[in-house]
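Before anything else, here is the set of structures, which you'll find just below.
Both complexes below contain subunit A, partnered by subunit B and then by subunit C.
For the complex of A and B:
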């Protein structure tokens, strides 16, 4: 044996030494690149959302140039806001024609009206506040001097006022043809009753169908076909459901949906009931698919344990599958409700009213809904309608968030599982 | 309906003098089991003795669990499951068309591989089985049943102060004993155990094994286990399962005998190889 030579390092195909550290750096760089990409994607989403909110809020608040057709100071010795109800009624009587005054009395006797209500009427009918120009929030904040100049030049009589188009009053007053006095009360109530009624139809049917498909239906081609079609149905454009609702609920089943069968005589098929049934069809696939997923996620070991104790299928479903699937089912209905609140197209087809001042008073009444109202207002030429449309959008968003929060609270309550 | 049928049939057969061996808890005759066209179990004939522990051992994938689940018709839920032959309990075929599988499972309880308490309180875990099976007693009776079941599963002293807590607040071994308590609360005749200790540590395993010795005073136990020492320690009889030689990957019982004989003087060479650790 000769002198020991350094043993040949075993040949390896994997990088070693300097090669390895270069390779590691390359791998980390790739990882960092992807991470940055994901962050950017998230930023784009947040940016889009912020732009949307900015756009809405920008129109909902800002300066307005208000003109009083009759100077409020000339009506009485004290400011209007300090007058009693009787004094305000006297002003109305003095400044309105007898016919107009009687009509107001007929709408609602002055004896029954509150002081605030009479004050509003005075402003609307006598002082006749009119918004001559409105400015965006951005302009109002950063360009105040230019606005003041412009108003002074263009509308010498006008006063520059800060105005929030979204006020408590906006929520409680019905529709009006003047944007200054219009509110979303009817639309808000319409949307709420529509969503409530829709869920009342869609939730039980959807959950029951999901239970059948998931727990009872055997694997065969008919059930596969049904399953595939439910997935497809959730992608059908909403206008198609609108057409279906018009044909079936508004026309064919008019006797039922107008309430004629129940002794309601003053309506046609274009009722909340028709719209809710249409909307229920629209969200049914969403509810079924989500409920199925929730049921599928219940661990099979619970079912096995129940069966092993001699439980029937129904006992197993009722005591174990459904309670454990409930949080997921609720999450699914959140999605469905969000969709139902925002849908406009089917309501247009089914015949939601665009101008209605009476509150909905049951399933057989005419109705309007927030998205319809917003759509209608944005289509008007006067700029002020766009301001109240923005305010209505804020109401719609708030309503959406409230309902979702309620559902999430409910879900968390139910999902406070024991393990 | 079939509960009464089974009872009368037992009485009738006893009167005829053909009820046979009263020490038999359950018996299979020429039993075959299929998943669709796949034959999982091939021609099994075993006689399980009352109030004894019978172990089913064998290499992975030889159909031990399928065989165990065939005893209380838990395989009914598997799509395409089908049987041939008979599983006889008190002389009556459990797979006869007039037998209600729900009632079979009520009388043949089951403990699973992974502890699977319900996501409910410890009390409710025990009480639920009784309730759904039409327990007629009042609150005091239910309390008593829960205590008796937990004592029966050697768990009472550990949980008596926290019956309202979740079953999942317990350790793995305690959870498994809770599952055993849950099973005995509905008073089954036979308890099937599907590798009940495979997810447990040695101390918890020992507790379950001791518990099984207590339980066999009242119940017949059939246990599937991968652990041959466990089979040798706890069981009175052992069924050795193995795939058939025909290349169709069906499992069958190649030897069924006293545990002692299986582990000391097996008749079949394959059993000897398996229990001595030469393969498997």
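For the complex of A and C:
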């Protein structure tokens, strides 16, 4: 390649001198500008997360304007919280109609009730606290004077009280139509039994499928099909699983899922069992893919050592591959469980109840779940339901956080064992 | 057999006999075969799930379409969805689904890709170690919580920015933006995987030619990882399409054909949840129509997922 010997000087492609430094400075400026933009984009995610958490916490605590239908101070000479159980029962007897009192006695005899329970009943039935207005945490902290003024003007009878919507009581009381007394006990128990049952179905089958695909499957069309299919299943919207569950488990297999085959007569197909089977289908692909990764990570030398000692294929898998893959499989299962706990749409479709106060008793009972309660409460117009929805979200997030922390601990603890 | 010489003579004979008589060919082991079959069946179950989805949705959808009150042409060409007066035109639901998905991907794609470039090209390991888990937390939050967030945070925010008369309480924009926030971690992590897989040599080649870090990232790394980025985009769209709880809570009830993102309009998934959450009698036209809608949703997301996998496989730039 020889330089062309043109009469005029060659055209310069690059700027020179002062122009060059301006050009370079421009390029670097663009670099810095975009780097900042990229960082900002990443921070938007964190900002969204903070906004979400702030928004939930903001609604879960704060001042409320409370009206008591009957002034608690007039009921007895001492404050209610200092009374004995018998005195509380006497108050109930004096203030409730005979029929209402007998109905309470019939639900659960007063002899069997705890003092706290009777106190709750007194508050709910006699004092009848009613939250007239509730204020957000930020407003309560920084705008206290304005709130006090507003409450004094709008609700002259009301008292301004600090209220945390998330209390131990919130966890242990069942659903109620009054947000002041509603709790998540039924939903929490429903979610736990649902997830337990789901895992009992999905974990063995998922792990078995993963073993097959990873240890036995040769490269042929059917195994390729299974593998592709599992990836596709993990992309199917959860609501489609819900429709599948509605048609197959709730309707077609009603005799089985309602427990009619086992002598249970008081339910239809909309049971915990149906929901758990549906949810098991939903998390199966997640469990399979994670278990496959865990099994893949077991070094081949382990298998070869076992074969060398004369172990059969299953002996190798059972005694060597599975124990070493177990932490990974468990981590994957925990992640799948946290997906199942938060999933709402399929449960709505297979018919979770929105209002039940009885604890679930076995796989054939009607149920509700934590996300269902959140959905139900969020969808209501009254502000107080938003408050308890926020409190329920905090419960749900705490559960998920615990699960994920467990997964991370498990991963860290066992990850150094393999090499 | 040097080692056996110090054994008693009888035992040596016995062993030799046993050795010569032993049949070392592979024997059928019944237990092993049974186990393998059980494992195979578990694997095949996943295919059975897909098949039963198709059969169940197809069967009920067929019942729906063979009903004298509806026809396939009506379903795909008319513009009103009102089961109460037997109007079954799917477009109002589809348009709302498209709108929320477009808004979502409009939020998630630029943010997700930019975040992926930052994490893969710029972030130091320490910063990455903080940012990445945070994004993963975002991905693990249940959708019903996002729905609450859309209704109680995003909608009031939009209303205060654009005016309460413009933005309805239930609207597609709020739902779409929050879906975008929800799928952003997915887009980020898929794109970042693709970007990180681009070999170092390409970057060093670019630096050697005098490119700045930005030029390397935009003109070399992103194009080289293009198939992965496209796959992330398609998966994101598919997620947005099937998203249910956010739209059920924040986008409004009642199908409506509108192009205004601040208007309320029900999406396919939102409609299924609202109708099936109420009292629904089996074998009614309403019930069957839900399966037809679910089938539409299933087919669209399945096609998107298949395309995404194909894109990754076919257009992957292979380096060594």
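As a convention for this text, the second predicted complex is superposed on the first by the 359 of 419 C-alpha atoms of A that agree within 3 Å, B and C clash if a C-alpha of one lies under 4 Å from a C-alpha of the other, contacts with A are read in each partner's own complex, and residues count from 1 in each chain.
Everything below uses one rule, namely that a residue touches a chain if its C-beta (ideal position, glycine included) is under 8 Å from a C-beta of that chain, and two chains touch if they have at least 3 such contacts.
Bear in mind the structure is a predicted one, so any value in this text is a computation, not a measurement.
Colleague: Given the touch rule stated above, what does A:146 touch, subunit B (first), subunit C (second), both, or neither?
Modeller: After superposition on chain A, A:146 lies in contact with neither partner.
Colleague: Could you say whether A:255 touches subunit B, subunit C, both of them, or neither, answering first, second, both or neither?
Modeller: neither
Colleague: If we overlay the two complexes on their shared chain A, which of subunit B and subunit C does A:312 touch? Say first, second, both or neither.
Modeller: After superposition on chain A, A:312 lies in contact with both partners, subunit B and subunit C.
Colleague: Who does A:284 touch here: subunit B (first), subunit C (second), both, or neither?
Modeller: Only subunit C is touched by A:284; subunit B is not.
Colleague: In the superposed arrangement, does A:304 touch subunit B (first), subunit C (second), both or neither?
Modeller: Touch partner of A:304: subunit B, not subunit C.
Colleague: Per the overlay, which chain contacts more subunit A residues, subunit B or subunit C?
Modeller: C
Colleague: Between subunit B and subunit C, whom does A:324 touch in the aligned arrangement: first, second, both, or neither?
Modeller: Touch status of A:324: first partner only.
Colleague: Once the shared chain is lined up, is A:218 touching subunit B (first), subunit C (second), both, or neither of them?
Modeller: Once the two structures are laid over each other on A, A:218 reaches subunit B alone.
Colleague: Under the stated touch criterion, which partner chain does A:200 make contact with: subunit B (first), subunit C (second), both, or neither?
Modeller: neither
Colleague: Starting from the residues of subunit A touching subunit B, keep only those that also touch subunit C in the other complex, and list them.
Modeller: In subunit A, positions 312 sit in both the subunit B and subunit C interfaces.
Colleague: Applying the document's contact rule, which stretches of subunit A touch subunit B when the two form their complex?
Modeller: These residues of subunit A touch subunit B: 218-219, 299, 301-302, 304-312, 315, 319-320, 324, 417-419.
Colleague: Residue numbers of subunit A touching subunit C in their complex, please.
Modeller: Per the stated touch rule, the residues are 27-28, 30-31, 34-35, 37-39, 41-42, 44-46, 48-49, 51-52, 55-56, 59, 205-206, 208-209, 211-213, 216-217, 222-223, 225-226, 228-233, 235-244, 246-248, 251, 281, 284-285, 288, 312-314, 338, 341-345, 348-349, 351, 354, 371, 374-375, 378-379, 386, 389-390, 393, 396-397, 400, 404.
Colleague: Under the stated contact criterion, what part of subunit B meets subunit A in this complex?
Modeller: Contact set of subunit B toward subunit A: 72, 74, 77, 79, 102-103, 105-107, 109-110, 112, 114, 116-121, 128-129, 132-133, 166-169, 179, 182-183, 186.
Colleague: Flag every residue of subunit C that touches subunit A in the complex, lowest number first.
Modeller: Listed in rising order, the residues are 29, 31-32, 35-36, 38-40, 42-47, 49-50, 52-53, 56-57, 60, 110-112, 114-115, 117-119, 122-123, 131, 134-135, 137-138, 140-149, 151-153, 181, 184-185, 188, 212-215, 218, 235, 238-239, 241-245, 248-249, 269, 272-273, 276-277, 282, 290-291, 294, 297-298, 301-302, 304-306, 309.
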